[in-house]
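Note that the chains take the letters A, B, C, D and E in the order they are written out, and that residue 1 is the start of every chain.
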Amino acid sequence: MSEKNTYLPYLMTIDKVIKEAPGVKTYRLKFQDESEAAAFDFQAGQFGEYSAFGEGESTFCIASSPTRKGYIECTFRDTGRVTSGMASLEEGSTMGFRGPYGNVFPLDEWKGKNLVFIAGGIALPPMRCVIWNALDLRENFKDITIIYGAKSVNDLVYKEELKEWADRPDVRMVTTVDPGGQTADWTGEVGFVPTIVETVAPSAENTIAIVCGPPIMIKFTFPVLEKLGFTDSQVYTTLENRMKCGVGKCGRCNVGKLYICKDGPVFSKAELNFIPAEEY
Amino acid sequence: METKYISQGGMAQWFESIIASGKRVYAPVNSRGQVDFKLVKNLSEVADDYIQTTQSIKASVYPKAEVLFTYEKDHGKVNLSDFDPETIPETVLWKVHPCDAAGFKPLSAIFNWDSADKLHNAHLVKTSVISFSCAKADQSCFCTSVNGSPGNTAGSDIQLTVLPDGGAIAEILTPKGEALVALLPPVFEAERGDKKEQYLVDLPARFSLEEVNAKLNKAFNSTVWKEQSERCIGCGACAFVCPTCACFDIQEDVHGSKGRRIRCWDACGFALFTLHTSGHNPREHQSQRWRQRILHKFSYMPDRLSVVGCTGCGRCSRACPVDMNILEHITSIAKQ
Amino acid sequence: MSKIGVFICHCGENISATVDVERVAREIGGMEGVAHAIDYKYMCSDPGQTFIKEAVKKYGLDGVVVGACSPRMHEPTFRRACAEAGLNPYLCEMANLREHCSWVHEKSEETTEKAIDLVKMLVEKVKKDKPLESIKVPVTKRALVIGGGIAGIQASLDIANTGHKVILIERDPSIGGHMSQLSETFPTLDCSQCILTPRMVEVAQHPNIKLYTYAELESLEGFIGNFKARIRLKAKSVNYSTCTGCGACIQKCPVKKIPSEFNAGLGTRTAIYVPFPQAVPNKPVIDRVNCNYYKRGACKICEKTCQVGSIEWDKEDEIITEEVGAVVLATGFDVKGTDFFPEYGYGKYKDVLTGLQFERLASASGPTFGEIRRPSDGTIPKKIVFIACAGSRDPAKGIPYCSKICCMYTAKHAMLYQHKVHGGESTVFYMDIRAGGKNYEEFVRRAIEEDTVNYVRGRVARVYEKDGKLIVKGVDTLLGGQQVEIEADMVVLATAGVANCGSEQLAQKLHVSYDPYHFFAEAHPKLKPVETNTAGIFLAGACQAPKDIPETVGMASGAAVKVAALFSNDELVREPIVAVVNRLAPPLYSTCVGCFMCETACPYNAIEHEEIKGRDGSLIRTIARVNEGLCQGCGTCVAFCRSKSIDIQGYTNEQVYAEVMSLLND
Amino acid sequence: MKKLRDRVAALLDEGAVSLVIGYEEGTKRPRPLFCRNSESSGKLIFDSRCFHNLAVYVTKKELVGKERFAVTAPISTLRSILQLYVENQLSEEKLLVLTVDLNGELREFVTFEEISAYVAQFEMKRGEREQEILSKIEGMTREERWKFWMGEMSHCFKCYACRSACPLCYCTKCVVEVNRPQWINPWPSPISNMEWHVNRAMHMVGRCTACGACGDACPVGIPIDLITRKMMEDLAPEFGYIPGQPAKQGNALSSWKLDDREQFIR
Amino acid sequence: MSSSTEFEPKIIAFVCNWCTYAGADLTGTSRLKYATNVKIVRFPCTGRIDFLLLLKSFAQGADGVIVSGCHPNDCHYTSGNFHARRRWIAFRTVLDLMGVDIRRIQYSWVSAAEGSKWADLVNNTVADIRALGPYAEYQKVAEYLEKEGFDEEA
């Protein structure tokens, strides 16, 4: 029996703070212990439990790519006790991290395929990890399309990276904001994500679609993809449920028999068909 | 495994020697009109005439609140101190019912699913269970329906079956049991050929687990959950008295720069248990939460952990303020 | 909040003499979240403030704590400095190191440690501070003045003269109030109507004043700057736009024996009437209770008399709505009648009068044209007794307070009597003579010394009639309680001034509070005498407590200035220290469960009901909402809310909790 | 009983109500029953053993739905219903209240006033159990009370059965679930347990109708109902209200008197 | 327990901004001296003071508490102190029932003009709490966490 205490976090130093949008920040975290850093590994799609000491833990996916070694990043919105405690930290402060937990995007299986990333609002972070992962291994994939939308221009996260992706010749980048959310100098699309997906109309041929966003966006995007010819096994998403432990014990995150923390958070649409939608 | 006979007097001497060994001994004590496990020093403190303690022995291996680790903040740095298993004292649980002892298995299955739970396991190692088989039962008892029995030895280190002469059949089941016997070997006499079954309460099974499991596999969208849960008021009494319920919360206890992270009991029946920060709640209604409770114990756990999450102790039915009788409800599902 | 700047002030030596300020700055500098901590001789000085401003910019501070004097002293100073440096002013807090520490303790280790604790406490508070914006409320620059007595007249004129519109409503057919009933005024003895009438006319003619007589407030909704007043215009039965005020109808009206209100019952009037000759407007109304037509369905003599056809029999009460930004309450007072005094004959004796009735007798426009004559037989009284404190200062009568004006008007009455009735004998029974006021004491002395009014200190136990005389039995306490008995021809009671009838109902309509005697309550007995605790509603005159004319006029002008000040801005800017009911995304909306117990606890009626409706318009829930215009920020609701759904900005639960915890941890 | 069952059956058949909350025989004693059709009305019972305060269900929207419903209410339930009216949690159009009076007659109430008038006939008295424990507590010194309650509080494991059983604990987010700040630690410990119960008692001032549901629900047998009952007994005369017969607006803590006691204030 | 002469109680004062806070300011302006044990937390009104804060103070190690505001009828907000007074009556009742030592909560009215009353109040309260000693009875229980799982015998 291992002597490791599952609940004991790694100590991390906040190495970099990026203000993404009102109330949204990205922290780059580095391990304080070299040996822990060396032993640490994760894959795209996984999540962890982040500690703000004095406030508690909160669950976020790892927003950085596993191809970028030596640090992890998380993006969060200041909404509750823990995230507000996190938000008040500065570069150099200590945080805790437990993980990585959960399953992964099967990037290996996707080799040689086209990838379409569809994300909305604050759900870009889980996507960002796999996008960078795919871009860093660009030769493994064919066409890469990114469709990202937010309520307003102000709410778009990773603004620098959105620009970077848009500037890449090997990426088709589409950004959109909800009607009314545009500014005078906005050059992207205006419209809800599902509508834009329909307009962009990525081919389903040899393609994997990865969809992350608020439930309402997912609900309307799935039929669009179906119409475009995507089968259920070509569509992936990540689910979020409230979690405390992250390791299948605390009893919160299960959807039917499946535990999002262990069987997820990545699910193909085909897998979703077997779990009750009302529980996520 | 070895079976011995211990006389009434021998039992008393042995009990004294366990106390003298310095181990903490918890046993059912009758106080304030309730029988519950308490730290005892004398056999005379131990309750006699009762069916079941209000609470299970779960807390011995899964405390209501336990420090996972402590930390101290110091100018932006944080120093952690891990939980130390050595701080847990040797504990003997005396006069445990078989249905309680049987609860350790599902509990450990939950805690050690894939990753080992250091704290729970540390408690398990330090805890020895001396169970007493059941000569009595009440209408809430149904261990025989969930793979148990009044003489079930699962989870016990020693099981005693009390005989009419006040002595008992002693089944020494594990090395931990043997170590307890070793505290006073002479009182364990050769067995006298008493038939254990003869002294156990007769409790016919009320439903078949397989049948229930089969029904539940198709029952997620059934109306039964709404019907059964209408009177449920959403408290955590059932979960907290249950020997296998393991849902927990992780919380922070802060005093200035010092803090500790605490794991404490929680219950899937609470309305806000699964509430997202966004306000969305996947198990918004009591019926969904009742379904979770039943499916978790009788469907998900058997499927995923190969163990039933119920030992038939009947505590939840006794504790429920509005008579949510689990036996009645499960039986009705089985019969549907 | 975690780049906090801490600035410790020496306050010359006021703080540094007993507190080791350098140590405070040093230790606080080591606190988590503190980016910068310094001490300086005078933080409030220009260089001191510059330190703060520069640090805000240099370190990108997101919170500032100044350890200096009391925040009641310099909080605005430092908040302004922060604002100038680009930091939200509400992210600046002060630790009170002077009044609460250095000045009250000796120089010692403990004193410095306490100073450190106090600063720590505020650092923890600042960490939980949220940037706040001042609350801006639009202002409707039109005032409603309720009551057309001297208070209402003065307030209306003063407001109107600042260029703002005023709506003046008066319950009676004419403005003028009690002052128009008075004969002469103390201490100058100038004619009351002579000084009042021009003012009344000015009101009627002022372009900024809209006058509604015979009108009452029906309801008032809204809040400061934004009230909606519904006003009931009682049917006058006379069309004022055509009526010429010729008075012919009044001459012909057959119902002539109605006791005149204006003459305090001593004279009579007709059913169609103008209350007094100088009334404004000087046009009649029909008193429907007494009019033959309304009583029996026949008469209509006035209609026949009227040349211009102004009589409107079927006219009904009209309700109009006016939007106003402020309200001045000037509804005045009333006096107890003689019937309130069983010991003085229950009002049965015709020659026992109230002071107000005596005013009418003494008035040249009164029923006796200014001659003092007995109502019973018209004779001139040779002996007259004035009884001061009739009802006032008498807890047994439920009026423990002093009515304030009676001492003076009683002296005036006695003086007037002596002037008018040569050789007459006047006696005043009094408890104390309260003549505080410019030239007041001199006035009373004049009555006693020059006009030989007999002042007897003592109470009158009984007045009864015997052989056409009124026997007044009292004691003279200055003569050791000796019995005094006077056979008087007339007795005048200085009856207590009381709240006007209907004031309680009016207060409830306006949500202003009132005292146990139904006088309206001022917001603060010392510092806010003309404000009520409902923002935007002000008080003028005797509706707040009995008072004399100069005091009333002064208060009315004071209220007018408050209104003018309110109207001097297009928007009302208020400190954002108000309560807020939390709002969450659907499906939660709020943790408020809508029990509205807070509504019953709020002293300002600031809690409103907000209906949460679904897309289909169906009601989902009703929850509480705080009207920022009305909320004054006391926080009673916050402590009262069971689910902690209300919080108060500037003193949030998180802030005060953090403060308390910081004092106790480690 | 027959009258009640017939009336309920009729109400449901006519569609006058869509649900009747009542009692049926349970495994140990009567338990709540939800009649949604006339057939189930045959299970209805109503007698002195019917202890549960059914008012706890009338604020549960998912249960009672949008249509009119009825509840068979013993006196304790009636009192709670009155209080819920005062707190804007019920509307007279939606709720029909049935009870069986001392003469065995079926009574129906629609308005607050009707219930109020009926309830006024009943006195609120300590039962035997309450008398026994309270007089024991009243006889204790302060130190003994502290020891007694800390002993009791050490048994509390925060299952919140007390809260769930109380008809007046209808907040969707209870103060113990508020974590900014974390007023009361969510794990069971004697002090945080006491904080919870003191908090509950304070929230019940002027509201508690001493139905005893909280104490009855407590699985570990803490006499918590006596905290609020004792508060009610002590404070009602002082604050000038009649327990169980609320005024239509406000409560004891949302109002005050000029001459409230203040000898304790220095 | 240290002897009572050495014991320095920790006392927190919850005061309203308009009367007692200002009164304490006057104490300072008048240079009246008082004990350093009391630290003031400012509230807009006594009506704002949550009873839970008082309770939390004891759990976190306070030995005594002062709650002070405007005299009746002097409240800046008209009736906040009346609401507070009722709340305190109820709070004292439940605390006394629970066996909490209510002598450790000193309620007071101190107006903005009563600088010397504030000094006296602080000094008297400190003396009273010092005489009562540390609130160990409460603090001991407050430190207790359900470490062992089962209820220990009292």
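As a convention for this text, contacts are C-beta pairs under 8 Å (C-beta built on N, C-alpha and C of every residue); 3 or more make two chains touch, one makes a residue touch a chain.
Keep in mind the model is a prediction, meaning the values are calculated, not measured.
Visitor: Taking a step as a move to a touching chain, how many steps at least join subunit A to subunit B?
Guide: The fewest steps needed to get from subunit A to subunit B is 1.
Visitor: Counting only C-alpha atoms to place each centre, which chain is farthest from subunit A?
Guide: C
Visitor: Out of A-C and B-C, which chain pair has the most contact pairs?
Guide: Between B-C and A-C, contacts are more numerous in B-C.
Visitor: CA centre of subunit D versus CA centre of subunit E: separation in Å?
Guide: Those two chain centres are 33 Å apart.
Visitor: Taking each chain's centre as the mean of its CA atoms, how far is subunit B from subunit E in angstrom?
Guide: Subunit B and subunit E have C-alpha centres separated by 44 Å.
Visitor: Provide the C-alpha centroid distance between subunit C and subunit E, rounded to the nearest whole angstrom.
Guide: Distance between chain centres, rounded to whole Å: 36 Å.
Visitor: Give me the residues of subunit B that touch two or more other chains.
Guide: Answer for subunit B, listing residues that touch two or more other chains: 36, 64-65, 73, 76, 249, 251-253, 255, 262, 280.
Visitor: For subunit E, jot down the residues that touch at least 2 other chains.
Guide: Residues 51, 56, 60, 79, 83, 87, 145-146, 151-152 of subunit E each touch two or more of the other chains.
Visitor: Going through subunit D residue by residue, note those that touch at least 2 other chains and give them in order.
Guide: Residues 155, 172-173, 175, 180, 182-183, 187-189, 253-255.
Visitor: Which pairs of chains touch each other?
Guide: A-B, A-C, A-D, B-C, B-D, B-E, C-D, C-E, D-E
Visitor: Once bound in the complex, which stretches of subunit C touch subunit A?
Guide: Touching subunit A: residues 1-3, 33, 127 of subunit C.
Visitor: How about subunit A: which of its residues touch subunit C in the complex?
Guide: 88-90, 93
Visitor: Taking the complex as given, what residues does subunit B use to touch subunit C?
Guide: Per the stated touch rule, the residues are 73, 75-76, 255-258, 278-280, 284.
Visitor: Over in the complex, which subunit C residues touch subunit E? Could you list them?
Guide: Checking each residue of subunit C against subunit E gives 70-73, 96, 98-100, 102-106, 108, 110-111, 113-114, 117-118, 121, 513, 521, 523-525, 533, 577, 601, 603-604, 632-636, 638-640, 648, 650-651, 653, 656-657, 659-661, 663-665.
Visitor: Note which residues of subunit D are touching subunit B in the complex, please.
Guide: My answer: residues 26-29, 31-34, 52, 56-57, 60, 62-63, 152, 155, 157-161, 163-165, 172-173, 177, 182, 185-189, 213, 216-217, 219-221.
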